[in-house]
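Each in structure tokens, the structures are laid out below.
Here come two complexes built around subunit A, the first alongside subunit B, the second alongside subunit C.
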Partner chain A sequence: MLAEKALDLIRELHRTSSGTLSPYNEDKIRQVLEEMKTLFEQNKDKAHSVAEGQTDQLSSIQLRHAGIQRNKRCLLAYLYNRLEQIRKMRWEFGSVLPPDVKYNMCEQEVQWFNQYNRLLANYMRSIGESGGLDLTQDMKPPKTLYVLVRCLLDHGEFETQDGNIILLKKNSQHYLLRSECEHLIRQGVLEHVVQ
Partner chain B sequence: MAAFSTAGESVNSYFNIDDILASQEKIPCSFNVDVAAMGYLDQSTTNVDISVGTKLELPFWLARYLYRGTRSIVSLETPKSYREGYRHILKADPNVVDLHRLGPFFYLFGGKLISFQLPDADDIASILLKTFQGRFRRIMDGSQNALHTDLTGQVSMLDEQERQLFAAGQQGLHDFQKWENRESEKLSTSVMIANHRKRKRIGVSTQPS
Partner chain C sequence: MLVKDFKRDFYDVLQNQRVLVLVAFDVDALCACKILQYLFQCDQVLYTIVPVDGLQGLENAFLENAEGIKHVVLINCGAAFDIVEILQPEDHVRFYICDSHRPVDVHNFYNAVQVKLLMREDELSTIPSYDEVFRDDVSLISEDSGNESEDSETGYKRKRFDEESVLRRQERRRWNENREKVLFNYAKFTSYATSAALVMFELAWKLSKDTNNLLWLAIVGVTDQFIHFKTPREKYMEDIIALQSHVTRHNQRGSDDENIMSVNCLRISFEEELNLCLYRHWTLFESICHSMAIACKLRLWSLKGQKRLHEFLAEMGLPLNQCKQQFSAMESTMKPEVKTKMQEYMTKYGLVVQDVILPSFSLQYGYKNLMCATDYVLACTAVLESVDKSKHSTDNFLEASDILQRSSSEKFEAGLASAKLQLKSVVSQVQSFLDMHQIISAGPFLYVFVQEGTADSRFFAHPQCLIRLARFSLQAHCAVSRNKRAQSLPLVLGAPYNLEEGTSLVVGIPPLDTDDERKNFFGKAFEQASKSTSTTAKFHSFDSYIIEMKSEDKSKFFDALISILQ
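Showing the complex of A and B:
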């Protein structure tokens, strides 16, 4: 069937759950591109014969053209949806992605991610008068300045804004500035304790 | 978090995965003209060409392209799950039908079908609406009132879009529950990272601590 391989790529996206990025399927993309190329070459040949008056080829040309269009749509959708996923990951994981996610990206996607990172950083720096605004903070409206947190992992030393160094050891509890530890809570290093 | 999500994305979008998958659903077609050198589409013969009158099930995107007015390359029939027989079943009681088996994109594909000028397009349109109206109450009931019950039996009978609706309802219920328990201000690990952890089993200590 036409464009069957391209659909496999879309099915692959459909299966992927939210916290992961499937490996960039370079092999399949190449196969789809080859299929498109073959269809295109065939059409080019036949188009010449149609121009010479053999109109019975027209229907098969249309059929193949539909196949090319479909393949194109599937490929573009594959790339686009992956980029969307990477973009979401920038907001969830922060500016550094986990190595296993990075490993599944192709070279262009890594480039794109770096550029997106830079754009976002520049934009956030340009907001406001002094030093910009971190948009990834305060995902929920803040209620208090300080929060009580408990460590879920051994994270090592952490330097607070006022210069104190505290050791984030598993199961230890700390009273920290909300703005400082929100990222760590979202990363799953700390747990917010609500009294 | 609407700031960076694409919530307003329309279903008809070129890049939409559901839309692409729905347009892969098959429609029975018969060819009105010979098509040279495309015989490999028909796996039941070894002919090089597709001849007049060949019946094939073509995916929607291809049928859409080949079906243009009166002088089109193919003529179409209504797919089985939208024909009179199934319409009667859906009319009798939409709640007992397993829509996911009937076509995982029953509504989306049905909507696409209507765009063809099939003779029973009006009937299909009205049955899509009636089916949804009939099933909506149960979807809402299930998703809004069962917090700790196993609903896989019910969910497995829903079509993809109904599942999204169901999930949205459940999400709303959970958020409301959180608010009632004064947990809505609690900062939590992001869902994406939690899912990522689950797969990688990071933080699952292997040595006794």
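Showing the complex of A and C:
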């Protein structure tokens, strides 16, 4: 059916749960582009005859043209939404994306991601006092500066910013500066205890 | 040194400092620690919490974490021995000890610089005066040593010196003897003072930072002390009355409809609870069978006792099929009657009010969770002393701490389940003691051993459960014994601890007729017995009346103990 394949792409986009990126469907996109191309070729032929005064073909030309326009919109929506998703992931995961996400991106998307990365890094370096400001941290304002954490494994000694040395031993509990222990929580060394 | 003003001399000093908190393994300490945690978080005091079991654990934890630490808070540990001597801290380290164990070591009490005691002043009145235990006569000593080097002096002079020094030596000997005596009398009995949780709660109250949540923790701490036989009933009542005024203050609601609190708020109310363990979460029948006071009075381990219980229930008009299903599923008309009916008919079965009723508090939030303080303590202790081999003791500590947080009711349910297992194992062990007549009188005391390889012996490798077993056995023995003296005999109970290393735990509990004091003399007795037999008996926890020893030394040790106690 006319312009059915483009709708498939949109459906695919709709199906993927938020926070993940589906594989770039190159095959489908190529098929849609081919469809657009044949429609265009057909229109081009008919357009000559219309110009010669045969107006009975006019409505079919208009239908095909609408099909082309629709395919174009769908393709753009597909690409745009993927880019949005990638951008969101940049803020979530940081400048290095997990390999499974990267695998699902096409080459142009990788390029775009790298450029976006560069722009963001430049901007973050330019603002704030010396050394810039990491905008990706604390996306929501934290409720407290300090958090209660539990050690999940024997990590060894950990030096805080004020020069204190804390022994992170399994099952000990510490009350620490949130910014200091955030990366340890991400690594799975510490567990944040929600009160 | 005793801290007079907790706020000025303890809390304000800790502001903007990093604090190391060492917590003993009991529910009371855990509650106190939670309260302190809340206070510290209010004022953003950085802290590290390390649970410690036993003296060795305390030393290790201090060594590992002491780097850069100036302030150490010890909860329910450390008061009973010279903390500075044992830990050998640097000079700038300060110890704040909040411990309910008594007696407090005299060195801790008179150390004005490094040791601060967070305790009530009136509970330390028995401490010997400074002059009786310490002598700062440095001049005398130096003169003495000077005297010896002056041998070349003239005879006359030497004679005068000799007379003086003989007098002095005599006086010193007398003083030393007196010191020994005073110290012995002071340390003869171990007992418990106000719970650490309550002391901490009062600090929070003084800082105007007390909440209903903290109040509940204090209640749990106080209840823990009572149901693990640490404080006598009188002391418990005193604390309960003090807590009750806080409870009414925090749970005050206006009479008009507008002021009614949401059902999801935490509500604490004072109640004359039935003294049955876990009955809200169990069947009434099972709960009665596992409650110490009633089970011992009715002798529920025997067939006759079971019949008596059936009779009791029948007289109260409670059908058996109702009693043998979950209490929560009992017919709603019967549930509120249970308490009044029990009080009505108890005298016929020789029960007194103390056996049946325990003034306590219950906590409610939401529609589902109504919990009694004693249930809470039992669940928490069972988790703390979990028998799961795969878990380290510190895992248990954190889990018990989660239960106190009340974050998930599933964890609490799991705690209740293991508490039931623990109670069941205690009761069946007591039954087998009685059936096999294993409780034997050694003259000055009774003794009994849990045989190695008993199915439930893993439960008894933990102090609180061991104490519960000892107490239950003693009470049950007194109930069946024809010997009039049984009431005035203490009990020593041994249980296998570590089969690979061949060690056992031994606990001594005081006789029943001194129950209104709950003072224990076994700490000193064990110490002397192990000294005279030169066996290595080390303190298992911070309670001196529980020791860990090699199983092969047992008979030697007991002979010594008999001769000491005679």
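In this text, the second predicted complex is superposed on the first by the 146 of 195 C-alpha atoms of A that agree within 3 Å, B and C clash if a C-alpha of one lies under 4 Å from a C-alpha of the other, contacts with A are read in each partner's own complex, and residues count from 1 in each chain.
Rule of thumb we're sticking to: a contact is a pair of C-beta atoms (placed from the backbone, for glycine too) under 8 Å apart; a residue touches a chain by one contact, two chains touch by 3 or more.
The model shown is predicted, which means the values in this text are computed figures rather than measured ones.
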Touching partner for A:63 - first (subunit B), second (subunit C), both, neither: first
Which superposed partner A:74 touches (first subunit B, second subunit C, both, neither): first
First, second, both or neither for A:185, with subunit B first and subunit C second: first
Which superposed partner A:145 touches (first subunit B, second subunit C, both, neither): second
Touching partner for A:110 - first (subunit B), second (subunit C), both, neither: neither
Which superposed partner A:170 touches (first subunit B, second subunit C, both, neither): both
Touching partner for A:92 - first (subunit B), second (subunit C), both, neither: first
Touch count on subunit A, higher of subunit B and subunit C: B
Which superposed partner A:17 touches (first subunit B, second subunit C, both, neither): first
Common interface residues of subunit A - those touching subunit B in one complex and subunit C in the other: 170, 194
List of subunit C residues in touch with subunit A within their complex: 18, 37, 40-41, 44-51, 64-65, 67-68, 392, 394-395, 397-398, 405, 407
Residue numbers on subunit A that touch subunit B, as the complex places them: 1-2, 7, 10-11, 13-14, 17-20, 42, 46, 56-57, 59-60, 62-67, 69-70, 73-74, 76-77, 80-81, 84, 87-89, 91-93, 98, 100-101, 135, 139-141, 143, 147, 152-153, 170, 182, 185-188, 191-192, 194
Subunit C-facing residues of subunit A, complex: 144-146, 148, 150, 163-167, 169-177, 194-195
Contact set on subunit B toward subunit A in their complex: 1, 3-6, 14-17, 20-21, 24, 33-38, 41, 59, 61-62, 65-66, 73, 182-200, 203, 209
